[in-house]
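Here the structure comes first, spelled out in structure tokens, and everything after it is commentary.
In order of appearance the chains are A, B, C and D, and numbering begins at 1 in each one.
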Amino acid sequence: MLDADFFRRWLSSCAVLVDREAEWLTELDSAIGDADHGSNLQRGFAAVTAVLEKESPNAPGAVLMLAGRQLISSVGGASGPLYGTLLRRTGKALGDVAEVTPAQLAEALRMGVAAVAQLGGAKAGDKTMLDALEPAVAALGDTTDSFAAARDAAEQGALATVPMQAHKGRASYLGERSIGHQDPGATSSALIVAALAEAVA
Amino acid sequence: MRMLINVPETVVADALRGMAAAHPELTVDVENRLIIRRDAPVAGMVGLVSGGGSGHEPLHGGFVGPGMLSAACPGEVFTSPVPDQMARAAAAVDSGEGVLFIVKNYTGDVLNFDMAVELAEDEGVRLAKVLVDDDVAVTDSLFTAGRRGTGATLFVEKIAGAAAEAGAPLERVEAIARQVNESSRSFGVALSAVTTPAKGTPTFDLPAGELELGIGIHGEPGRERRPMMTSREIADFVVNAVLEDRRPAGPVLVLVNGMGATPLLELYGFNAEVQRTLTERGVAVARTLVGNYVTSLDMAGCSVTLCQVDEELLRLWDAPVQTAALRWGR
Amino acid sequence: MRMLINVPETVVADALRGMAAAHPELTVDVENRLIIRRDAPVAGMVGLVSGGGSGHEPLHGGFVGPGMLSAACPGEVFTSPVPDQMARAAAAVDSGEGVLFIVKNYTGDVLNFDMAVELAEDEGVRLAKVLVDDDVAVTDSLFTAGRRGTGATLFVEKIAGAAAEAGAPLERVEAIARQVNESSRSFGVALSAVTTPAKGTPTFDLPAGELELGIGIHGEPGRERRPMMTSREIADFVVNAVLEDRRPAGPVLVLVNGMGATPLLELYGFNAEVQRTLTERGVAVARTLVGNYVTSLDMAGCSVTLCQVDEELLRLWDAPVQTAALRWGR
Amino acid sequence: MLDADFFRRWLSSCAVLVDREAEWLTELDSAIGDADHGSNLQRGFAAVTAVLEKESPNAPGAVLMLAGRQLISSVGGASGPLYGTLLRRTGKALGDVAEVTPAQLAEALRMGVAAVAQLGGAKAGDKTMLDALEPAVAALGDTTDSFAAARDAAEQGALATVPMQAHKGRASYLGERSIGHQDPGATSSALIVAALAEAVA
């Protein structure tokens, strides 16, 4: 069973990974975007860490909803509302129980990812975070073992964005020139899913 | 890094403190990142709120004041602001007549402003929203995020601002803003890439002697790279791109806009070529504005925006404006 | 070469054609290289003529209009104009009340304006001349050409212009201009060198990560090179240099001026540091102006000018001005 | 005897030499000045050539006065009034005779150079055009043979400006940093004197 502490660990792993890879994310965003994805997420997850230190909700759902709200209020850009919605929607789906099963989390995350797709209007193949998030939630099963599979699927998904032409977000302005670059949002999504696997290890 | 900054993390807050010091006629809320007309909310007047990533100065903060914006919400450099800013701005400028959000069409801006609409409506503010999407370098289709908002933002903010100042109701101000956007088209070129404080190196590599055609204002590369062209050739190319997308049926406002690092001397020279090519193509020019207004930090380059105007829009354009960056009349 | 030009030889003429198109409220004589108030000569008003090399835009042409200059004479890039221009300008703006030449203290400007004085006096114009020499980076001694004229030019032109507009006689306008210059001091720093159209490469080599202290506005290297400093450190250094030369006995006007390629975002942030250090040193600030006003083509960097003002100078500073680059009041 | 045609040849040699060395002059001016000396003189001597094609004064003095006036009206900068004065004052001293002797020219040029010193307030050693002009006119004698000596003296004078610290003109702003560079004005003066030697050859 996964309790609020597990979710705090997940989010703090996210913060660590994003911090570590911030320069790379910004580098990727500079090739086909506006060179801010790394600093956006650094700022966002630092704010999440800070708010979770101040307020300590006891339910997984409340932790994620608080974190999501904080991302929305501190990131800006496209990724702020999108990742914020991912966490908020997932948290909402978890309800206010004190512990959730991996299967419940998998189901809730699928709803979170669907909410991202709906908000941004993107679908698989558009070269966005969805290209990492969708394979990840598809790989999630009934046990925490599946977190590692989700991580690998997200990583594969991020790599698979390289040959794609972007159809959503800033990278779409480049048309064919967006081909040949890895999508920054898909890359950070892979980090977030990797953090999930770390939190359970 | 050739920057006049302390650390990348504080550039926006530092700039707001500097604006506060230079412009006692504005209310600058550094903590909440808002620039507001000192006399807001103005009784009987629709509020106009815009915002977007920083790095495009004087857009938007330099356009706050009588006759233009009621408030501006600056985000981090090239990052759209967060919904809390726009919701707070809406509350601060709403006199009961409602508030118009002027949003440049970028995914981030659209999503954050949409969330702000929800927040502000929860607070009881009547809201309308206009998207600015004038950049013809981007194909507007189901398979892109749509055209970007660039130079036309200035036209929309000035003209809708004049309408609001004159007491037009929300629906009318919104309709006028929409008309200005629909009548406007832009195209931009870069002679150098931009360096953001956070990255510290140019966002793309543009060798001297080449230029990027169809760039945006966020350091994104353009659609095409070519060997350097003369001012005359660039004017022909840019004006052609704009006119091919929309051939104005009447006189136009012309914005010859610098991206930040192109000297005014060059911009004025470029304007001579823009006017020449417009004359050659039979486009009548009503007014021309030349300067660095919708910029991209230290990028060298320029953009041209044409906005077809009828008598009403021209009257609103000529109406008095009192902001940090745009002032005339009274 | 990253320039928006046709050929180096025509940049000044091209820019004048572009100014003419953008500013129907000015008389722009492209052939004779003059920018003149449309209503000149104004009956009963002393004429104010300035000029200098091009490449410092909006100085001087952007400061022509009611409340500031009567005419401006642009030379080639970084090259003072020729006497014929100033003589012709003097004749065009003289209403019989005489003309004041505002001359930045550079050998070329001084010599050419002096020759223009002779020519214009031959035509019967009563002339006075004020030298602007505010740059404390240059030692003022018998063994140099004396201090350079930089940012204070804007203060002199604005304040003397307001005095002339108010109908002050030539002697009074001259005395006020002289008082403004004597009350003003400047210091500038460069974060990059400048590239002139004629040369096409930077005038000096400034590696990223270093800055030049004490630069002028013509691409001359400064007095000293140092490793890059923060905005806060630069503000301390610059303000210190200015105050060491002249400690104001009363409130000051502050000009935080960009050299051309430094983004407004950075300039405003720098202004926050300038204001902080002035407060720490007990200097009272009456007004602050932030922007690219006395530039050096595409140079990145900034300068700070302080001008001590009494009540009269402050009133004249606040008086209405209607030019391309500076506008307020009415 | 030197007639108006000789002076026209001199000035057209000036134009040719200045054209050929313009980039170098600008380069020198970029090290300690504002990178315009080459284009300034190119513009100036091109204008002189043009006006002499239109108007053809018959007296040496008139040729030089016209050329000097044209430099003043077309160059700008420090060098425009200075070189303009050099030619005008020299021309004035030659009077309106149809031919002059080398000795008369030498004497007139000395007055021209003195006028430059007076106008600019500079003296030998200040690192200006005077450091080439003064040795040149000192080397001028009663025959045209002395023109070559003057050329060499001017060249030496220009080279001798390298170790000097500038006390006049833009280069003086640099203080000690002006040391180690050849003065552009002294260099162009050496060209003008070299043109004199060419005109007689």
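Everything below uses one rule, namely that contacts are C-beta pairs under 8 Å (C-beta built on N, C-alpha and C of every residue); 3 or more make two chains touch, one makes a residue touch a chain.
All figures in this text were calculated on a predicted structure; none of them were measured in a lab.
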Query = Between chain A and chain B, what's the gap in Å when you average each chain's C-alpha atoms?
reply = 31
Ask   = How many Å are there between the centre of chain B and the centre of chain C, using C-alpha atoms for each centre?
value = 29
Note = So, in whole Å, the Cα centroid of chain A is separated from that of chain C by 53
Note = Listed in rising order, chain C residues that touch 2 or more other chains are 77
Note = Residues in chain D with touches to at least two other chains are numbered none
Overall pattern in which the protein chains touch one another (line/ring/star/complete/other) = line
Remark   = Pairwise touch list, complete, is A-B, B-C, C-D
Remark   = In their shared complex, chain D is touched by residues of chain C numbered 8, 53, 75-84, 106-108, 111-112, 114-115, 137-139, 143-145, 148, 196, 198-199, 203-204, 216, 218-221, 223
Ask   = Which residues, counting only chain A, touch chain B once they are in their complex?
value = 26-27, 30-36, 38-40, 43, 72-82, 119-120, 167-170, 172-175, 177
Ask   = If you look only at chain B, which of its residues touch chain C in the complex?
value = 1-7, 10-12, 14-19, 21-22, 54-55, 57-58, 62, 77, 191-192, 208-209, 228, 230-232, 234, 256, 260-273, 275, 285, 288-290, 292, 295, 297-298, 300-302, 327-328, 330
